[in-house]
Every structure is written in C-alpha cells, then in structure tokens.
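Note that chain A is present in both complexes that follow, paired respectively with chain B and with chain C.
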Partner chain A sequence: MSVPALALRNLLRAPPPLRPLLLTPHASYHSHEHPDPDPYPPTESAILAAALPHVPNHGFTPTSLRLGATDAGYLDITTNLFPSPAFALVTYHLTTQRLALASRVQFPAEEPAANPRDRLRTLILTRLRGNLEHPNILPRWPEALALMSLAENIPASLRELAFLSDEMLFLAGDTSVDSSWYSKRASLAAVYAAAEVFQSSGSGEREVEGFVERRLEERGRVGGFVSGVGEWVGGEARGVLDLARSLGWRV
Partner chain B sequence: MASASFLPRAPTFASPSLPLKSRLTPRAFQLRARHAPPMHSRTLISSAAPPSTEPKPDSLHRPQGARQKPLSAEQKRFLDSALRVNHAGELAATLIYTAQSPPINKAYPHLRPLMKHMYDQEAGHFQYFNGILAKHRIRPTAMYPAWYAAASLLGWSTGVMGREAAMACTEAVETEIGEHYNGQVRELLAWFKDIEDRGEEIGEELRTMVIEIRKIRDEELEHLDHAVENDAKEANPYELLTGVIRWGCRGAIAISEKV
Partner chain C sequence: MASFVPRASKRLRLAGPSSPSSWVCNDCRRTFASSIRPRQQQQQQQHHHQQPTPPHPSQDDKTTHFGFETVSESLKAGRVRDVFSSVAANYDTMNDLMSLGIHRLWKDYFVRSLNPGIPPSTTSSPRGQKILDIAGGTGDIALRHLDHSTTINNDHKTSVIISDINPEMLAEGMKRFASSPYKPTNRVSFLEANAEDLPTIESNSIDLYTVAFGIRNFTHKQKALAEAFRVLKPGGVFACLEFTPNLSNPLLNAIYKRWSFGAIPLIGQVVAADRDSYQYLVESIEKFPSQAEFAGMIRDAGFLIPGHNSPGEGGLEGGWEDLTMGVAAIHKGIKPA
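So, the complex of A and B:
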C-alpha cells in the first residue's frame, strides 16, 4: 500500500478524538533554510483569528466561533470545519501564543546562555502576558482549562504544553541533548502549568512573578539534586572499579 | 428482407478502466491489504552494498544556493529518526571504547594508541551529532540511560574477555553501523538526484550534512578494518559473540527510530 493510503487507513482506524493528533505534524526536524509551515490552513486560520476577539464576551464556545466565521465573511455552516469548535479556539490561542514567543523575546546573542533561569523567567512571564493582551481572554481562561481537562482533549492539551516547554527551552538557548532533555522539559511544563492556573485564579502581576520565581528556584534545586545523585552514583561505581584494578584484579 | 440495420444495436461503451466485477470479495481484499508487505513501516534502510555503487550527484560538490522547496513531512520524519539513531549510535560507540580501554590497555599496552585514536574519532562524531540535534531541535532517544548502561556493560564485558573479543565486538558494531550509514547516505543522495533532476538547488544545510555523514561512515569502516587486522576473527565464540552483538544493535536501532 502506498504511504498516503496507509496514513489514511491509520487515521480512520484511530478513535475520532485522537485524529487531530495524527493530522497535526508532531515535533520533528526543523530546517533553518525554510520556516516551518503554518499550523492551520488559511480558511481555518481566518475564522479562528476573527473568533478570538469575541471570546471575552462569549467565552470559549461555538458562539464565538460562529461570530468569527461571519466576521471573516464565511457562512455560519463553515464552523463544521471544526469537529470540536470550543476546543479549537483554545488550541488556536495556545498555538499562536507559542509561535509568537520567538518574535516577542530576543535575547542578546552571547554564549553560553548567561543565566538560563532568568531567560526562562522572562519567557514564562511573556507567555503569561500573552493571555492578557488584546484580546484579554484571561477572565475566560478557567473555561479553557476546563475544556482542556476533558478526557478527549487531554492528549492534545498535553502535546501543546510539551511544544511550549520545548519552544521556551530552545529560545533560552539550551543545547543539551542527553537524558536531561526530557526531565528539563517535563519540569518546565509543570512550572508553566502551575503558573497559568495561578494567574487565572485572579492574582496580580507581582504575585505571578513571585510565584514563577519560586517555582523556577525549586525546579533548579530538584534538578541539581537529581543530577548530583547521578554523578555520585557514577563516581562511586568508577571508584570501586579503580580500587579493584589497583588491587590487581583483572576487571 | 430483414436486415441487421433495423435491429436496435446494443449500446457500445468505452471499456472501463476498472474491472466491472472485482475478483476479490471485500473480506478477501481486506485480508490481503492487511498482510501486504508494509513498505514504509521501517523508516530506515540499511545497505550492505559497497560505497562505490552509491549515486553521485554533481550538486554534492558545488556550494549551493538556498533550497527552493521546503522538505516534505516524510523527509523531515526520516531526518528526525535518522539523526536520532546516529546520535544514539555514537553515544554507544564512545561508551564502548571508554569501557573497553582500561582492561585492554593494561593487558596490551601496544594497543593504547589505536584505542585512543578510535575513541577520539568517535568522540568527534558524537560532538557533531550533539550539535546537529540541538540545531535542528530533534529530540534525543528516550532510551538514553538504557543505552548508556548497555553500551558500558558491553564494552566492559568484551574488554574483560580479552583482546580478540574486544576486537570482535568492535567489528560487529562497526559492521552494523557501517551498513546503517550506507543506507542513510544512499537515501539522501537519492533525494539529491531527484532535486537535481528537477533543476533545483539542494541547499547548504543538506549538502554539508551528507558530506559529514559520508566522512563519518568512512571512519567507521576504517575502525572495522583495524578491528579485523587485530585478530577480531580469532575470538573464541566468534559467531555467537558477533551474532548477539549484531542483533542487539539492530534492535537498538529499531527502538531508537521510534522511541
């Protein structure tokens, strides 16, 4: 069977809530000679972009999407392009804010990254501010969090969080590609998720900054402890081996 | 007088491009499709053919302008898996040499320069792939700690077994890696030929990558030759040792492609 036929077969065999995950390209090779393709086709992109300003008034609901479709010059029925209209708005907001981070934050090019924790703090706060800027969807964010926690939406939400965490570490200049690649991204994702919930529970900017600072410091301490344990174990093992060799054992 | 022209003619149709009646029942078709050889289930290909039979596109040796068309999703997936596997392979190679060196150098001091030379080359390859993965935002294999432990154990155990076993281990690993790189280089050069035939540029990014991978492949094959020169074939359970190691490498490659 040809590749397109196999891809279609796999798509049709997957349960419907998981199909969007198979359609959106997963993280892969990023070429520096060409920018990555747009995540949304032009029609969907136009409708969602027009729908987002309606969210403060109508929330993350199909109503906002319908109003957006009419604003963009399409018929109401065009919202059938989206299998789950409310969640499509949420993922659109998440994706566009993530992709906008690169243009919003530019660090001076110095190597190595002078203070990765400061850079991560700047990135997290910039991203959180993205929830506040026009349109200010922050009052409606608890709706979005509720939508993201629905069982059928959890895989897509986790994937967006993983992409965001990867993007932030890339922009902060992290170039390590050993097993800490995974643990760094997981811990940063946890910090960001906690900060977003904190922000949406109605805290001021100062408090959010303090919260992020404390979480990043904890993350640093835990990460340092774990890698310290790893180094200690490795060092002990090497010491035992060297001792055996110095005793003449053919080890 | 009855004439054939009075009788209505049977309507004539152009012969259809598909058979009007399929020879297979739907169930039979489904079963056949399910058992059809999956052509693209293995992303990576390995090739035992000698490097001299590779395609030789001219564009490999000319500095390139910007590539017109972006890579397709299929190509990006291939590069993603391929570079991840290469990175894991070089990690394993450096660890094998690190673990083999102390027992081998102690028992055979004259092999010290050779072991150091091979280790230095592998370390260079590893640094190269570290840079490539970071630059192109490719994730490393999640089995990193597992491969770390496995490669260290393999290197230590073959080092302790003796010089011939250590060289046999090197021979087995380098044979698998050499075939693996061969397959990758062939695939990439096939892309280049394709792009060249369309009259487009391949881009500096891909060109330098292929040149570097070819150089790495040549160095791995050189290690293979060194291992054979140093009595790899004299190892006592030669077939068993090399068989187990080669199958282990293939399994690790298959896992690292996906995980």
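So, the complex of A and C:
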C-alpha cells in the first residue's frame, strides 16, 4: 500500500473529533531547516513592541498598551485587538525573550553535550538577563508574575514556561526520548520559575547566579535520587513478577 | 402592563391556526411551524396600507431569506423596516421579556470590553473618538458608549452617530436622549440610513463601528461589512453583538430552541399584539451564520480578527467571544493600517 493511502487510512481510523489535530499544518517540532513563523502578526507585534517602553512608567497595564498603540500610529481603540491587554504585554515579553534565546546562546554543535548542567546554567542566566534588556522593566516584573498567577492566565503561563524549558533543553543539546523527557522539563521549569521570582525580588546579578547554581545542583541530586528510586522500584517489581511466575501464576 | 391586556386578548382571539409553511431543525429534528403570514397575504396587507410593492419577485431578481421565507432582495429591507416599525414602541420591554433581562448585561459587557473614550492622561490633544452605532435606533448602545467614555475614561469629547434604517426606532432614541444629560452637548446625532450604503459618512473617519443585534437583518451582510471597512479609520474597530443560531451544547440548544420558537412569539403576541414580528426575530436568528462563518466573513472584508493569530491557535477558533453559553457572541475586527 502506498504511503499516502496508508496515511489516509490512519487518518480515517481516528475518531472524527481528533482528525483535525492530525491534519494540522503547523509543525509541532523543532527544525533547523524551517525557521519558526513569527509568533505575532505585524500589527500586534508593532503595537506590543511600542508598548513595552511604557511599562516602566505605567506597568503591565492597558494604559501602556494604549500608549503603545498611539506610538505605533494606531488609535486608542485599536487595543481591542488584544482580548486581555495587560496579559498580552506579559506574554509578548516572554515569547520574544524565549525566541531570542536561540540567537544569544550558541553551543558548539559537534561536541557531545559533555556537561549539560553548565549549558543549562548559561541558558537560564541568559534568559534572566533578558528581563534586564529593557531598562527598569524588572521593578515592574512582580506585576507580571501576579498577572500570570491569575486563574484565567495560569494555563497560558504554564504553557509558556513549558515552551521555555523545552527550548532550553533543546538548545542545550538534550536528545533524551525516555520518561526523563518529562521530569527534566518539569524540574528545569521549576528552577527557572524560582530563579525569576528571586531575581524580581531585587537581588543582584551575582546573587542570582549563586541561586541558580544551587538550584541546579539540587535538581541534579533530586533527579539522581528519583531515577535511583525508579530503578529500584522497577527491579523489585520484576523480582515480584518472576517470583509469581516461579510459583506457577500466569502473569 | 395593564394597557397591554385589551390588545393581547384581541390578538389572541384573532390568532388563526399556524400557516402551512414549516421547517425542520437540522440538529434536533423538530418541526417548527412558521406563523409568518404567507406572502400573498402580506402583500394584500401592504396594498391595504398603500405601499405599492412589486407583486412577485421577477425571474431575474435575486432572492434572500426573511425569517424562513424566501423573498426578493429588493423587498427584504422594506419588510425588515415594517417589522421594526411595529415593535419600536415596546422594543425594550420585549427585549427584557425575551432575554429575561440578560440583554442588558450583554450590552453592558459589550461596551465595557470595547472601552470607548480616551482618558485625558494618555493623550496630549484631547479630541475624543467618533463612534458610529449602526442599527442603534433606540440608543441603548449609544447611551452606554457615552456613559462609559464620560464616567470611566473622563472623556467629554467622544461623540456617537446613531444610525438606523427605521425612523420609528430613531424616534424612540431621540425620545430617550431628550431626557439624558447628553442632549445639549452635541455628542449625539441621528442618521436614517441603510448600513449597506452610508454616503454621508466619509471614508476613514470613524474610530469605532458597533452594531448590536442588527446585522442579521441586513440583506447584504458582506456589503455592510465592506462599508464598515470603508468608513473606519486605519486601526478602527468593528464590533458586533449578535445572537448565534446554535448553542454548542446540544442539550442546551434543544431547550433554547424550545424557548425561542415556543415562548418568544407568544410573548410578542401577548405583550405587543404582534406575533409575526417576533416570529421573524427568532427565524432571523436561525438563519444567521454561525460564529466561525461570521468571523470568516469579517476576515474576508479585510479586518484583522483579535486573538485569531495568537500562537498555539489554528483555524478561526477564538476570533469571537461567546456570551451566556453561546446564546449571543461578540465579534470584533480591526482595520489594518
């Protein structure tokens, strides 16, 4: 059977509500050959970019967005383009900083990931430095954290955090495909989130570096412990199964 | 309320059996009888009122729907005008009864989410916004626009043009504004016009174009959208509040259809002594395009759809906002620069 016919058969086997998911044209994987499409259409991007410089004065508020819209040559009312104006500013900052990471940090491709922890440390610190890119945005960052913790924004915030940790692990050259895929991303996200809260509480750059270093060390220790426990549980389970079989049970 | 009773009893006695035309709902397989009088009868009545209309749509004349009836395009605007002429006097009472008062919440939310008016702190030259409220005859959206811009944004310059095809509805609006504080301020003006053709309004002159529960009555919706695109400034906003033909939840949809086809014409009959107009209202809701289709029409007119292009979303999901489980929806479009 030819490949397209097989693909069609697989598609038709899926329940109808799932079919659009299988047909989605957007690639859900990283590709070096195909650059990601711009996350924001030009109008949104122009307004949001013009609004960020107003954040130090007006915070992550609809007022900043209004000023950005008029600066970009639009009208006050154009802010209706954003269903949630304040949070749109936050996600814009997060998304642009995440995508900028790939151009700011480049590791030699040939060398195998000898020390992934150092790479992750570099990536986290680079990303945290992105929060300092616009002067005086950092004192307003607790507002953004507060907005992200609102119930209606939590899913989008967590998704953005997951994208960030995924991006970092990808850039660090992590290619694992086992169950540690999830635990690595979750623990890295936790480390980053903690570091960002620490950074926004007014700590200096050296203190932040020390904080990140300590968290990564803990992560390594916890990760080792978790995988050790996992191995032990797996071994014991196999032993119990073998014991049951030796007793003649059909398992 | 007491004044309705004689009219209502009269109407109830006069109400004949339902007409032969009926229609089957695609979703719940239920037959709904249309009690809009058949065309000939309607035309006799129009003749009686000395309103000469062509007796039959000619062969090459394009047709459109008027409720579940098919009428020629040239007739629809006039018939919609007749419907709203007859409901104008108790339009607001009827809206309260039909939507159980929820239409006020929808309209409040609609205007609040649009946030009209320019706060003086964010602009150096206060000039206000120009708002065009289409099909806004009774002025309830316009009044909310002015209240919001004045009290929330402290903007005393923003003005509203209320446009309606129907002079009776505009008269209701004038009556309402006569007792409002905006009467002497020149901030509100009235325009009797068909929204498909607004020759008196300059291109690129309007900041905000709103149409609440009006666009489903238009004969050529795409033409009205194109006209909206023309009059809006670059960056201006098209916003539409409209009923949706079907709720997403099939069970709620069945209940909702019972309500709209069973109760609303009856309420119209009892309160306004006018079953046909209210039957038309619910049938026109049924004929209106779904949210996704209508968002597509707005995009086809050249507007940007908010939230549509945001990352992680595909198709036309998220280009509108459902209200009250999807009974009504807010659509927005932004004219690109």
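One rule holds in what follows: the second predicted complex is superposed on the first by the 197 of 251 C-alpha atoms of A that agree within 3 Å, B and C clash if a C-alpha of one lies under 4 Å from a C-alpha of the other, contacts with A are read in each partner's own complex, and residues count from 1 in each chain.
Just so it is clear, a contact is a pair of C-beta atoms (placed from the backbone, for glycine too) under 8 Å apart; a residue touches a chain by one contact, two chains touch by 3 or more.
Fair warning: this is a prediction, and the values are worked out from it, not measured in the lab.
Enquirer: Which partner does A:154 reach: the first (chain B), the second (chain C), both, or neither?
Expert: neither
Enquirer: On the A-aligned overlay, A:170 touches which partner chain: chain B = first, chain C = second, or both, or neither?
Expert: First partner only, chain B.
Enquirer: Can A:251 be said to touch chain B (first), chain C (second), both, or neither?
Expert: first
Enquirer: Using the touch definition from the top, say if A:181 reaches chain B (first), chain C (second), both or neither.
Expert: After superposition on chain A, A:181 lies in contact with chain B alone.
Enquirer: Report for A:95: first if it touches chain B alone, second if chain C alone, otherwise both or neither.
Expert: In the superposed model, A:95 contacts chain C only, not chain B.
Enquirer: Under the contact rule defined above, give the chain A residues that sit at the interface with chain B and also at the interface with chain C.
Expert: 25
Enquirer: How about chain A: which of its residues touch chain C in the complex?
Expert: 20, 24-26, 39-41, 43-44, 62-63, 66-67, 69-70, 73-83, 95, 159
Enquirer: Sort out for me which residues of chain B touch chain A in the complex.
Expert: 33, 36, 38-40, 66-67, 70-71, 73-74, 76-77, 79-80, 83, 87, 102-103, 106-107, 130-131, 133-140, 142, 144-145, 148, 160, 203-205
Enquirer: Can you check the complex and tell me which residues of chain A touch chain B?
Expert: Residues of chain A touching chain B: 1-3, 6, 25, 27-34, 37, 166, 170, 175-179, 181-182, 241, 245, 250-251.
Enquirer: Using the touch rule from the top, collect the residues of chain C that touch chain A in their complex.
Expert: 113-116, 118-119, 121-123, 129, 207-208, 233-237, 239, 304, 306-307, 309-312, 314-315, 318, 321, 332, 334, 336-337
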